[in-house]
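Listed after this line are the structures, all set down as structure tokens.
The same chain A turns up in both complexes below, where it pairs with chain B and then with chain C.
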Partner chain A sequence: MSPDGKAAPLLEVAGLHARIGDKEILKGLSLEVKAGEVHAIMGPNGSGKSTLAGVLAGREVAEVTAGTARLDGKDLLAMSPEQRAVAGVFLGFQYPVEIPGVGNLYFLRTALNALRKARGEDPLDAVDFLELAREKMKLVEMDPSFGSRAVNEGFSGGEKKRNEVLQMAVLEPRLAILDEIDSGLDIDALRIVAKGVEALRHPDRATVLVTHYQRLLEHVVPDRIHVMAGGRIVLSGGRELALELERKGYAWIDEEAKRGAWAEAAQVTS
Partner chain B sequence: MTDAIRELTEQKYKYGFVTDVPEDRIRKGLDEDVVRLISQKKGEPQFLLDFRLKAYRHWLTMEEPRWAHVRYKPIDYQEIVYYSAPRPRKKLGSMDEVDPELKAAFEKLGIPLEEQARLANVAVDAVFDSVSVATTFKKKLADLGIVFGSFSDAVKEHPELVERYLGSVVPHADNYFAALNSAVFSDGSFAYVPKGVRCPMELSTYFRINAADTGQFERTLIVADEGSYVSYLEGCTAPVRDENQLHAAVVELVALDGAEIKYSTVQNWYPGDAEGKGGIYNFVTKRAKAMRKAKVSWTQVETGSAITWKYPSCILQGDDSVGEFYSVALTNNRQQADTGTKMIHIGKNTRSTIISKGISAGRGQNTYRGQVKVLKGAENARNFSQCDSLLIGDRCGAHTFPYIEVRNPTAKVEHEATTSKISEDQLFYCRQRGISEEDAVSMIVNGFARQVLKELPMEFAVEAQKLLGMSLEGSVG
Partner chain C sequence: MSASVESLLAGDGGGPEVPGFAAALRRQGREAFAREGLPTAGLEDWRFTSVSPLAAHDFAPGGAGAGVDRAEIELRAGPAGGPRLVFVNGRLRPDLSAPGSPAEGVFVGGLARALAERPTLAEPHLGRLQGLAGQPFAAWNTAFLEDGALVHLAPGASAGAPVELVFATVARGAGAFAHPRVLFVGGRDSEATLVETYVALGGAPALTSAVTEVVLEDGARLDHYQVQDQPADAFHFAAVAARQGRGARLSTHSTALGAALSRSDVRVALEGEGAEAHLTGLYMADGARLVDNHSVVEHRARGGTSRELFKGVLDGASRGVWAGRIRVLEGAMKTDAHQMSSSLLLSRDATVDAMPQLEIYADDVKCGHGGTVGQLDADALFYLRSRGISRERARGLLIYAFAREMVDRVRPAALRQRLGRLVAARLPDGDLVLEAA
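Coming up: the complex of A and B.
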């Protein structure tokens, strides 16, 4: 429960530990995201940002050893990846995967209808779906020819990222976690991706942007910014935090984290 | 490996039932008397008996081929029953008189023999064990001069066509299994499309092995006369039995000048159980001859059989003739497939395309074996081959053996090959979007095979997609 007595957070992560092989990557991470908010998680390479995104979506690479993650109070960690998708978790991939021979819109329609079916809704027929998809493709300024091409096959880096945003726009998740959605994008693509993220802003939904750079945050203004280092959130704040990071770099945080001086701060701020 | 992939090896074969019908079967074993007996039972003309005996005598001098990348216990040819037929209650006058048990068996397989029950524009010839039990739409086709029905009927009604073309593409001594087939074949399908006629419906044969210990040796002969067109579909299933059963068929296609034949197969013989017990040995010879400006297109989806040994081929005899081969072969559990094609370029400006997609799961072994041969006179011959393999899990195998032989310097031959795996990343990507693991595997496999599946006639393509899903885990579809 949040101290101000308002509704429970949409996403509530507490004391999360996870390891890959023998290496502990997340070391007691805590995070709360309320419906209607956009959060950014920043941090140097290797701080555990992508692992966190993967763990929340159910990627099996990392093993959770302690802690909890709840969406609407439901235990995310007990669910399969597809159950989490049904619950409303969407992961925008840092490296979107190619599926040769499977049409891009066919894939998206299969996904949408799988979610609808699991939620007890009727499937969308081909005509209604196409209408929806066309509208959303316009939003991300994607040429209609991308609809019939195979999923991500032969797409440029920017096209792949836009395709992730298209999927997000069609699936309308409750919680979108976008993992380095801005990496490798030119300024136009960055603007389009930001537009897609902004379009999803809704009082019932939330977005978590995982990013290394603050330039995305010039286009999408987050409500909260968290800084990760050494597998924990070591600092949280408003937009000014991003600017400070831009000026000072991550080195100072890294150094502090290594010395463990931020461990207590992490407990306090999250 | 993930659960869905492990479950691949636990699929059930849903066509495994046995139909109880009275059989007319001969004693086990093979000798010259058996060959004569089969011919006599079928009331055949002398030329056919001569063909059989010639083949049988040659077969005795041959040895079973061992070059394929498949392993199995030696076949005891004296333990096989070479002729078994559902005993007809009387001579069939119409479809209504087909044994209801038989009709029910085909209904269960999704092949209704009632013409009015068929929604699609497909004429069906149903072959049960050794004989054809029913052919639909015969009359409608006859009005166009198209002959379509059982091989036995063709022998009786059009002996001149059979005599002229039988063995013209696959000679009686062609190979071990073709020679065996030539000696003992019992039935099969025959089609003849006259000059300039475009066959208005798909012609389809449905093969079913039912009886125990029998081999199925059917023979299909399709002749497309000058400028004609025909699309032909073939499907097959068999009951679940612990013993291996032999299926050694021969298919001959003759495409005369300017004709086009499209031949599609969905092969779903019983593949044996998860430990490799039982299943059909499928040793099949399929070959087409294409004359001037003719085109032959083979499309196959091979999901069944314990062992598949099959190379649908094209002899591009005439100038400007075209041969195509599109194949999806899926091996799961202990299945083994050694399949591919031969494209023999003889005429000038002949073109061929080979697209082969091998999918291996469980402990399946999948081999593509193909030959492209350009003879001296084949000016400007062109070939493009693409062989892709998809591995599911880490206990299966994929092998590619392309043979290329070019004797004309103007020829252009291209070969591409890839091997890939269904990655955990692909599965996670699908699942993160809400698609179950099973559906994801099925979707990825179908995507991999799409280039081939799109060559199938529409209705068949849907069936084939379902079959690929089913062969992988038994519940998707």
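Coming up: the complex of A and C.
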């Protein structure tokens, strides 16, 4: 509960430090996302965007050395990846993993029922699940044949991303973190992915779009945009920030940084 | 007293009268086993597989009349899906069997009776395929040659439903050994599916040494399966020797799920032009168990094709051994041979030794081998967990995903489903994992 009486943020990250091997990637990152909001995190390559997404979902590649990350006030960092999923975190992968031998819809039903069970709900039977899956596959304009194929196996880049959005649409997470969901997509696929993200908008849920480019933001209008550089958020603003980045590139961030308060951060990226 | 050549030969020759050629085979087997003894690590083929654990037990010949009922057999080997012969300690048990009525030109029956009543069916082939030199367990089996299964197809005959042979080694109260024997003769252009299931019952250590000989005349086709599903204190040795005529096609698929020590030796000779052999298998082990698959595929005529693929899942401190040799003899031009071994190691202490070997004495051949040894994919594991699937179930899903290729290859539907269940039962959350299939 925040002191001013407003609703506590859904996601609250404070002073987060994380490293991969000896290299510090996140250097005191703080971020608040309220329920009902869509945020975008932009920034140059190497700024730590994907590490942040992975750390929030529980990927073990990066080691958290300081700071906190809370979802609904609960300590995310103390949870296993599957516990975070139960709590409502969903990570849309930049590179969705191919899993030969595991059926796509079977996997999704297993996931949904694991979440339902952990939340004390009855599992969906095969028939009810199939109905739900068909409806959501329509939303992401995915051919039903993808349901019976192995998870992501032989999918094109765009199909993999749509499959991520399908999973998100079925699992209905409270916090969706989509890591470069727009990379490698043609305009049609981008439109479909955007539609899926928009469909998830809900007063109880939030979405964090991690992206390098602002073109996704032409389809999904975020409430807040953050710019990451050198392992922390260095600028936050409204949609106009995305346009400015598009016009001026990321270099000016570095220039600003060298003159400003975040000189240390800028050194890492330059 | 512990297992020794002398103790293991005590009690042979006590069986019923067999025709002279079979009695001669027994003598040869006995002599070869007495001469060579149990294999030692000094032998190339036994470098990675020690049979010394046998010495910790006493074994006596298992009795044919051991008390076993059909329910016990069906519990371990599944319900019969077609004609089924059940053997207890190597001897046919008509009371447990359901041979059905074989199709025209097809003989399915006990070897002892066949030797007595129709010796000409077996005589040209029995003991002619399986060599005894350097094959101590086959020699031991032959020393006890008495009963087993004979499946004989006349030219052009088709067996229809899979012929099932269930071999139960029954060791009640004390260690027991048994010597299952199979002779399959497929006449010209005949067609059959043969399933051998090896189980052990009774609670004491069971020692099984099986020999299967397969003759495929020109154009004959056989789908052959061996399923070894024995308790973790059992010892299992199985030798398969096959000879293929022109254009004959053999597929032999092994599933080794149990036993403290499980060893398979498959030797296939492609003698006729254009013959085709597929050797495939899945093995799973945990604890301190060992599974060993040895094979030799010999291309003796031109235009032959062989394919070999084995997959292993090894947990705990278990060990896998895979040794595949392809020999392409002079004159076997246009041979197309490939072998592959993949293993999944689930723990730091599990190991696998994979030894592919190509010996090529002919020109214009295509031969290759490959293999992988790996662990569960950490990215895939995280992907599944990030969707809310527990670590244990995610592991089970990924292990099954690795193994299922070898289950999916099984053509008879009932056997495929049963093997899927047996594999899944060894995995975390196995019943749920199986829904993926």
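Remarks
By our rule, the second predicted complex is superposed on the first by the 251 of 270 C-alpha atoms of A that agree within 3 Å, B and C clash if a C-alpha of one lies under 4 Å from a C-alpha of the other, contacts with A are read in each partner's own complex, and residues count from 1 in each chain.
By definition in this document, a residue touches a chain if its C-beta (ideal position, glycine included) is under 8 Å from a C-beta of that chain, and two chains touch if they have at least 3 such contacts.
Note that the structure is a prediction, hence the values are computed from the model and not measured.
For the composite obtained by overlaying on chain A, chain B and chain C cannot both be accommodated without a clash. When the two complexes are overlaid on their common chain A, residue A:167 makes contact with chain B and with chain C alike. Of the two partner chains placed around the shared chain by superposition, chain B and chain C are both touched by A:86. By the document's definition of touching, both partners, chain B and chain C, reach A:111. Residues 57-60, 80-82, 84-86, 89-91, 93, 96-97, 99-102, 107-108, 110-112, 114-115, 118, 150, 167, 171 of chain A lie in contact with chain B in one complex and with chain C in the other. Residue ranges of chain C in contact with chain A, taken from their complex: 377-380, 382-391, 393-394, 397-398, 400-402, 404-405, 432, 435-436.
Listed in rising order, the residues of chain A touching chain B in the complex are 57-60, 80-82, 84-86, 89-91, 93, 95-102, 107-108, 110-112, 114-115, 118, 150, 167, 171.
Residues 57-60, 80-82, 84-86, 89-91, 93, 96-97, 99-103, 106-108, 110-112, 114-115, 118, 150, 167, 171 of chain A touch chain C in their complex. Of all residues in chain B, those touching chain A in their complex are 423-426, 428-437, 439, 443-444, 446-451.
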